[in-house]
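The structure under discussion is supplied below as structure tokens; questions concerning it will follow.
Read from first to last, the chains carry the letters A, B and C; within each, the first residue is number 1.
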Amino acid sequence: MALANRSLVTIDDLSNGEIEALFSLADEMSDSMNEQFGVCHGKVMASLFFEPSTRTRLSFETAMNRLGGRVISAVDVKATSLAKGESIADMARVVGSYADIIVIRHPWEGAAKVVADYAGVPVINAGDGGHEHPTQTLCDLYTIKKERQTIKGLKIALWGDLKYGRATHSLTYALARFGATILLRPGPRLELPAHVIRKLTTEYGGELIRSEALDQAVKGGLFPLDAIYITPSSPHQLAMMPDVSIQVELKTGVDALYVTRLQTERISAKAKRQGLKEHYPVVDKKLLKGKEFKRTLVMHPLPRIDELAYEVDADPRSMYFKQAERGVPIRMALIAFLLGAKEISVPKEGDYFILKIDYPVYRREFGVRCSNPKCVTTQKGEIKYIKPEFKIVNTKPLTLRCAYCEHEIHPQYIASSEWHDGTLDNKKYHSADSHWTRKIKPENLIIFDSQTEAEAHGFKPSHYARVGH
Amino acid sequence: MALANRSLVTIDDLSNGEIEALFSLADEMSDSMNEQFGVCHGKVMASLFFEPSTRTRLSFETAMNRLGGRVISAVDVKATSLAKGESIADMARVVGSYADIIVIRHPWEGAAKVVADYAGVPVINAGDGGHEHPTQTLCDLYTIKKERQTIKGLKIALWGDLKYGRATHSLTYALARFGATILLRPGPRLELPAHVIRKLTTEYGGELIRSEALDQAVKGGLFPLDAIYITPSSPHQLAMMPDVSIQVELKTGVDALYVTRLQTERISAKAKRQGLKEHYPVVDKKLLKGKEFKRTLVMHPLPRIDELAYEVDADPRSMYFKQAERGVPIRMALIAFLLGAKEISVPKEGDYFILKIDYPVYRREFGVRCSNPKCVTTQKGEIKYIKPEFKIVNTKPLTLRCAYCEHEIHPQYIASSEWHDGTLDNKKYHSADSHWTRKIKPENLIIFDSQTEAEAHGFKPSHYARVGH
Amino acid sequence: MALANRSLVTIDDLSNGEIEALFSLADEMSDSMNEQFGVCHGKVMASLFFEPSTRTRLSFETAMNRLGGRVISAVDVKATSLAKGESIADMARVVGSYADIIVIRHPWEGAAKVVADYAGVPVINAGDGGHEHPTQTLCDLYTIKKERQTIKGLKIALWGDLKYGRATHSLTYALARFGATILLRPGPRLELPAHVIRKLTTEYGGELIRSEALDQAVKGGLFPLDAIYITPSSPHQLAMMPDVSIQVELKTGVDALYVTRLQTERISAKAKRQGLKEHYPVVDKKLLKGKEFKRTLVMHPLPRIDELAYEVDADPRSMYFKQAERGVPIRMALIAFLLGAKEISVPKEGDYFILKIDYPVYRREFGVRCSNPKCVTTQKGEIKYIKPEFKIVNTKPLTLRCAYCEHEIHPQYIASSEWHDGTLDNKKYHSADSHWTRKIKPENLIIFDSQTEAEAHGFKPSHYARVGH
């Protein structure tokens, strides 16, 4: 019953054991689809989709309907009171007082967390900007599991837009946690964001091997350029795969090729889109003739545009329509779990491939703010009630991870809240590069974006206030 | 069973007794929410929202779903056949032949009445332009009743945009009818419209006391400027509150503060919006420290923008999320009543605070038309089938109230339909200011907007055809 | 059970007997509307409307709800993944893996066929561009049948926009098949398209009589100008009506007048719309005073604009609101049939008024393409997977009918695929006007739009390569 009344905002809100339990229930749902009609009888799900969607929304709504529950929907931000300037938090509180569970898709990163914080009922993130899309990841993992029986030790290649693809971000975390090896084949300028890489190499114990090391393999035609390789770093005693050489690995073949489309709608500046389409890598029959793809599952979260040729559809390796189809039983299982409508027995093993790191939390009304323009905390209508929150993931250089959108920032000035205990002279600020960053206790840290801001709050520069000091 | 098969277009479609009966059923719905699933089994509700909405639409749809009924929705005027130029009446007839009950929101004032006139099934007005929003009023009253046990004798302050806020208009009528005293605190240029004031001071027996009379109280800091005070006028033998002095009243405190946002979407001309936002009154912690607000319920129909600070949310006096939450049981009760799915026993007392005035009705194919550009009767596609209808609410000066949008107009010329009984010389028109306005029997009155129009219908000016004669 | 698991893309997907069986079930549904709630229990219908609709969508959704099934909806192409560039086929496969039945409306002609080809579940065409709208036709026929007991031998006049009105196209086929006589009264430049006329005069054995023959009748005021008359041609031994003179026919009166609005949304070029509205024929009280309309059913698929006056609404001959109302039982019957939820016993007679013509099929990856810019096969995102398909409906001149949108094209060059069997010199192309068009076996035909295209595929001009040879 552990899942009841919880929310699913990021894929890490579920333990590996809970994911395995969901898969078992999804099997059951799938096997007896027509007998689930009483499971959520009398329950109401709010389906709030403030970005275009067919697949995800319709599969959630199908899932709830097949469980016998009812659905209320809002599919267009222009047709809701958000168009009148209502905050996400107010909407969440109100809808949470109507429905028993909320599914939310929103263009702002971190929006799902805000809904979960305020709704008072379980909330499922159906995609929040470029941040995460955990139920897509559940469909992806479930498909791999069904086809290969395990995820551990598999080699999964991620292909295309790894920068803006939220489905990909959620998937990398889950793959790492289940002990898969991840091969990366981004389009030009579409590499996995730094904060995702950091998470993979710290929390999940991955080891990054740049493509330089792969040169030989690449020249041998085994796999396209720019591949990046993640393998568990030994200090963590976590082994995502046995310690063999990359070349050998590649020769044994790729287990799954996860293709994604260019997320054009997230690249607003025309200049930034320049050339992305033209040089986007395409998966077609010809590519799949490579012997490393002989037994490869060809996956895609859909919709596809041109990056995955139609000629592949008839190939038995193509899995993308199965992925979509499995969205219904997986989401039925998830909804039933979160509503406490089905018992869940979680396997004991737990999160074997994840490090529990308790980063210090930074949370103040004033001072540093997230610099991601798509973060929910930086929106005009939301800023008035959301208290910024960060995890201090590094002190040298000082690195803060936004608790909402998970982007990382590198603020340049710090001070201590303990100044008032001493003389007024103590109210000084320092460069974040100085030793004070580690000397001041995390709970006393005050962090500023700029000198102007620090001085606006009455702080004066210390000897250590020059950046780079 | 009196409510079955009726419509709710304005709050006055329900008697006080019926409203009390609804509240009792809402209590029952609220107490046993999960046992109502059979009440509307097999019934279909059409939810037609041609203006942005979250709260109202989703709470209606939740209500019908929790009653076990089904919902069909149209949420965007662009996606319906209205986009092809279909009239509201045609749409109403068609949807009325599909569904058992219709909920309608529409930007044109009086649109809900047109739907109710043509649908052939019960219709609920979920907001028609700036006109009325009776179910919001039910939620508001229900909340006051739950928190204070009575409405009679309470002092309710209305705050903000009293001009364009339809929820406020419906609420003032209901408050007056239940014997509450209404204090008005409009934003600049956002006073209650003249036709609402007239209705309050005639049908509902209110007495208007302008803020001049309140000067002393205001200077004493008890309540902000520009307050207007309505109290029952003695001739009607209706007492909305005991006859005490205003200053004393204010000192005893305000029972509820009903805050509304600026209805920007109803103020099309940019010039008209000038300065409204900047000088809009704000309710925050500081204001609520005033001793007249010590026990005040802070209410808001939501969505809010900046007029009600987030810092108030945690205050036990804040009622706005409760108002929203109560929308579900109230709407469940209303739907069940109108569909005849629940018995209703109406308390005997009836409409004790309302005067039944049978104004003469003016209804002709030609002649005067409503001058409100947002009235449904003035829309190009609707004008071809709607016969204008007015109540003659005054004859000196001649004042007509549109039966659709309730705006008042002051036409300048009149004639008698009895001219044909005499000689042709009798086919004359007169100034509406002349004694003829009262001399001609209401059923014979012909009313014109202009001399041109009167003459186009073959009338000639009488000696009394000059305006102001 | 013959209907289960089939799709309804064009009205010809149903035999006359099946249509009669649907009408019987619709009667049953209508008589006991409240007892059908278990018929589709546990089934899910996807309602995909990518063009504005009230009537059709809401009546389908009402129908499924009254059968006890569930509905998932997408009403705006901008809010679905089609907005991200997804193909119709991909969407169909995905939604087909969620829902048990799909209802689709789409602006592209032939789109419903694509959905049916890929969905894997029954698909109902709720209107595909200007092509067909078969369920509207079922409502129309059902209304005629209910009011006149038969369709055979009736005279039905079609009025208004016969060019762009898809409902009209589907209706003409059905009327012809049931043995009705069709009178045409198009607005200026809004005549029935050539391909519809051809279908009526070939497959359905109709005979076209131009208005010249009607001059005398017209001058006698019996029926407005430009009427076209279809009667069965004797060689087919099909009699849509007894062989009497037209004048006599008209004098006996028109059984139904089927009015349609100008389909403005399908006439993109402003120049093309010029004058259409101004000279559009109007049906009003005055027209209906004509003695040929004494017993006429006045029908309209709705929405109406100005072509059918409101003053007719109260006339007992007006049928349009009944047509709309009957949409619910008809669609309940159809859904129940296609889902196999109701047994169906089809009368034996079959398609007595339709000729089964097995036209040769032309289907190649390259060569000629449909020239209709609204055809689904000519859309950028769809062209990459749809193989063009045509019926060769005539060889002199060579006439191909697109299997998707049914528009006709007249390609100018042909060749034979058998060239490779002979010497290279045989790889020649010819004018489609030459005798080669009939000489080459249909299965070997290669058809080109232009000489350039033929030559691009390595063909050289033969002596017969000049057009008009």
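By definition in this document, a residue touches a chain if its C-beta (ideal position, glycine included) is under 8 Å from a C-beta of that chain, and two chains touch if they have at least 3 such contacts.
This one's a predicted model, so the numbers in the text were calculated from it and none came from an experiment.
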Interface residue overlap between copies subunit A and subunit C, same or different (over half shared): different
Superposition rotation for subunit B onto subunit C, Cα-based, multiple of 5°: 120
Between subunit C and subunit A, distance of the C-alpha-averaged centres to the nearest whole Å: 48
Sequence positions of subunit C contacting 2 or more other chains: 73, 75-76
Of subunit B, residues touching subunit A in the complex: 34, 37, 49, 52-55, 57-59, 61-62, 65-66, 71, 73, 75-76, 261, 264-265, 302-306, 310, 321, 324-325, 327-328
Interface residues, subunit C side, partner subunit A - complex: 41-42, 44, 46, 70, 72-76, 78-86, 90-91, 93-95, 97-99, 384-385
